[in-house]
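See structure below.
By written order: A, B and C. Residues from 1 in each chain.
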Amino acid sequence: MASSSKTSAPTTTAPPPSATPSPASSFRQSPWVRWGAPLLLVVGLAVLPLIGTESANDTLARIGVFAVAVLGLNVVMGYTGQVSLGQIFFLGLGAYVTAYGVQSGWNIVLVFVLTCLIPAVAGLLVALAAARLGGLAIAMVTIALPIVGVPLAKRLSEFTGGSQGMSARFVEAPEGSGLYDDQWQLYLVLVIGGIVFLLTYFLVRGKYGRAFAIVKGNENVASSMGISPYRYKVLAFTIASLIGGVSGFLYMVVVQYTSPETMSFGHSIELLVAMVIGGAGSIVGSILGGVFYVVVPDLTNAIDPSLTALLQGALLLAVLFVLPGGLVSLPRAVMRGLRRSPAGRGSAAPPTTPSSTTGSGTAAEPTETERQGSA
Amino acid sequence: MEKFVQLVVDGLSTGSVYAALALAIVLVHSATGLINFAQGGMAVLAAYVAWVLTNQGVPLVLAIVASILFSFVLGAVIERFLMRRFERGDPDTAVVVTVGLLTLVTGIAGWLWGYNNQQFPSLFPLDTVSVLGVSVSIRSIGTTLVIVVAMVATQALFVGTKLGLALRAVAINPQSAAYSGLPVERLLMVGWGIAAVLGAVAGALVAPQLTLTPGMLDNALVYALAAVILGGLTSPVGVVIAAWLIGVLENLAAVYVGFIGFDLKVAVPFILIFVVLIVRPQGLFGRKTVVRV
Amino acid sequence: MNRHFGSRKAAGIAAVSALALTLTACGGGADSGRSGDAAEGAPSPGITDDSVTLGITTPLSGATAGPGTCTVAGVTAYFGMKNAEGGIEFGDGKTRTVEIEALDDTYDPQQAAANYDSLKGDVFAMTAGLGTPTNRAWREAAIADEVPQALIMTGDPIFSDTEESPWQLGFVPIYQNEGEAFGELLAGSSADHKVAILSQNDDFGEGYVEGFKSAVEGADNIEIVQELTYEATDTSVDAQITELANSGADVIFNAMSVTPLTISALQKAQQLNWKPNWFLPSNTSSPGAILQPGGAAAFPGVYSVSFAKAPASPAFAQDEDVQTYLSALKEYGNYPEPPAFPHCQWSWMVGATLEQAFMEMEEPTRDSFMEALRGIEGFEAPLMLPDTSVSTTEAGQPAVSTVVVQKYNGKGYDTVESFE
């Protein structure tokens, strides 16, 4: 895979490049924007559950669940470049741990901690073995997780309820809060999911994120820089599993039921699709991936429930055909389109490859020129 | 002992189903460096074409030949008008595009022909021959023979023909292939076309056993992928042998290894992959690839 | 970690979000009436003076789309026919047409729950959906919302337990009943039998086996010699059949719900020259789609349980019920070919049973509907076989709890009283 030269322009959320500030980036550097925008976002999210209808809140909450799952996948795949087809297994594991803990009457905080720890440990063990392999081999080892996980869940019916699954309705709005259950659920998803997103944001912007990017770019280079690809792959995989476990907890908050079908192989592929459609290696892309995962089945059902597969396939291809970099590249594609059209070469946009890493501004610069050169 | 041999024979016959699909996947990978998740879906579409023709009274062999031609065109068209946009981009995106293609193709089959299980006529009779107390159907023997022929043909294509060499050159490095004067774009179309042809053969071979439905090859896909990785991405012979190995070991493990049983036998190919790849990262029969810094 | 961006800002965000949460927590109480209790006797959602809307969530794509499509087609065809005749006169004296809103859940519990959430405000009742996990996923939500989950297509006993599931009722016999019916027949045989069991590794297979075992328990002419399972996602059961053929059994109890695997199991046994008596469950015993391609005539006897007439069976080709059904399926159900899955017939019967409940319900409310639904006794729905009926009054049982055992005669089925 010749992906060594494929770093690309920072996403809109990236810290602005230090060199040659464009109007847009100086706008982003203004303190009002830097402080105001997140504040506005938080206030908006805090008010959101109160104004939505029940079904809107439910949809938003499910988007949150799968956005977190996609975020986990992004850590190992989008940022570190290791193909994982097993992310749904960790969601399922987290959901089962939550359901079992709730049914056994354990303290919910303990349940949550276990929902983080058990998938993380499982992920660590798998990664210790799988990270020795590279490329497609890692994909095949991770593919095994959901495929073996489903019959395993059936066999361990004492803990999992077998193929009849497990229900756990444990999230009810606290007395006196005046909230409806759907509002309370959405708040839980927003707060827990928000914390996970924030922590992941700091992770991938920081030292570890840079190491992930180097491992993704070229493992030999990483080794020569004293970064052990093996260790960082294991780390990324473990974090992805932990985040998957958290998404399993949120799954139980929102769906309140889990069964072996929850972790079927097909859903793992759908998570991968959601990640790429949203935008690989992007925080905002993870959210857009969650939106795609949840909204598209609802949308195709609304158009014609007997043609869902056809419509979903067509939609997926259409989105990627227009935006090979995923939904997150839409603003950039529009900007480019605007810049191009006066020069009279607006129609044939070249295929872009924004497997965007956390590359610093300097790393991003040559790519931009490179792309313009090839256009 | 008789049971043991019978289980081995059964495993070979099941493995042939995986092998049929795996061969097509390996061909696309060799020609484009891409894993095509939609290979099974395209094969199903070809099988439906053959099925529709036989329902119109066309003899089976002619119908299959027609479906093979249809597949070649389909494969080339998909490469030209869909995949080309993604071939030089991010490989993950290209794989996801094939997933989308699989969904679309399955949806089209469901829309046109419904989700009922359709009976697909077999090239080979279901009669049984008995050798040393082990019974095997003519259909299994025929399927296996066709796959061996396809395997030899694919191997010969890659190793012994100019076309094969050119296809491989394109897959390894499209840019330098273009500089050395190869018609890269046409070669890519041909590569997809030939892979789709192999898929069509696979579809016609396994449809009588699995019955024709839009999702006919979904369950076989995972096994086919396992065979591809296990056998080594570059070797048609290796992939077919890996598929047989998976089919046989899976049966034996289910029957003779107590804790695996029939529910967890699906783990067998993956354990096998893991063990093999630790020892031989390039797969059982694959060539070592050199990673440039 | 990115220092200059780090902790101070995080603290700020945390403080703001905490503040916002407090504010909103105080403000939330002003809303009212989300899925709250309507006034006594006021119409429930999804019903007007001239129409009523029913919701279905069922797999319409993916591996179970075949039977899933049927669960929608039958009931849609039934009410399509009734609507064309002017509608149904309800117990409150008003004549209403019945509309169906069906959504695809691809057999994913999460999507089924989402479908339920999006339908529950618009539909009067949910019905006819296929699948155990996909119905279980929103069972408790339906109870909390007091939305009927009526006449669904799963043999999971929990839906027929009135205590646990006050707003639910299964339609098809629980799996245990079907297994038990064949077990009783076999236990009554005059000869000794060795039985091999091959069952699907889920609640479907387990339910059948449990019912069968409870019926043959204590019968000293029956010995279960070997028990194996398979996964619904397997591509082949050859190895299982090979192993069971070695057991020397003369009866195979085959609780299988996957069409191609059932056909290939029948074929494989013949190839091994193993010709036991064969038992198949009601959903994989279609004479045209499974037994004929599987060459079932080679076996001394292929038995199944049923409560519905098989349209493909020559015995019913001229049957008036069957003719009406097939033409309505084509005209109103968007299902042009004769169905290969019995779920189409079952769904048609669900339509007829719902009609019975509608004719008895005195108020346009979900409460009144459930009361009427639970009061049906001995209703011989169209397509029902003699000696079977819909009865919803028996505790712990789904709407259909009686089945008859049938034996394949090379073309269709004959009801049998004893094992020969």
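Of note:
The definition used in the following text is that a residue touches a chain if its C-beta (ideal position, glycine included) is under 8 Å from a C-beta of that chain, and two chains touch if they have at least 3 such contacts.
Just so you know, these numbers come straight off a predicted model, no measurement behind them.
Using the mean of the Cα atoms as each chain's centre, the chain most removed from chain A is C. Counting C-beta pairs in contact across A-B and across B-C shows that the higher total falls to A-B. Each chain gets one centre point, the mean of its Cα atoms, and the points for chain B and chain C are 35 Å apart.
Chain A and chain B have centres, each the mean of its CA atoms, that are 31 Å apart. Annotation for chain A: residues touching 2 or more other chains are 151, 154, 306, 308-309. Annotation for chain C: residues 61-62, 69, 201, 231, 233 touch two or more other chains. Touching two or more other chains at once are residues 106-107, 110, 214, 263, 266 of chain B.
Put simply, chain C touches chain A in their complex at residues 1-2, 5-6, 9-10, 12-13, 16-17, 20-21, 23-31, 34-35, 60-62, 69, 102-104, 106-111, 113-115, 117-118, 121, 132-134, 136-141, 144, 156, 158, 201-204, 206, 231, 233, 334. Within the complex formed with chain C, the chain B residues making contact are 3, 6-7, 10-11, 13-14, 17, 106-107, 110, 114-117, 119, 126, 128, 135-137, 209-211, 213-215, 218-220, 223, 250-251, 254-255, 261-263, 266.
Here chain A touches chain C in the complex through residues 15, 35, 38-39, 42-43, 45-47, 49-50, 54-55, 58-59, 62, 150-151, 154, 162-165, 167, 169, 177-180, 182-183, 187, 191, 194, 198, 202-203, 205-207, 251, 255-262, 264, 266-267, 294, 297-298, 300-301, 305-306, 308-309, going by the rule given at the top.
On chain B, the positions that touch chain A within their shared complex are 33, 35, 37, 82, 85-86, 88-93, 95-97, 99-108, 110-111, 173, 214, 222, 225-226, 229, 233, 263-264, 266-267, 270, 273-274, 277-278, 281, 291, 293.
Those residues of chain C that touch chain B in the shared complex are 61-63, 65-66, 68-69, 201, 228-231, 233-236, 238-240, 242-243, 246, 259-260, 263-264, 267, 270-273, 289, 293, 295, 337, 339-341.
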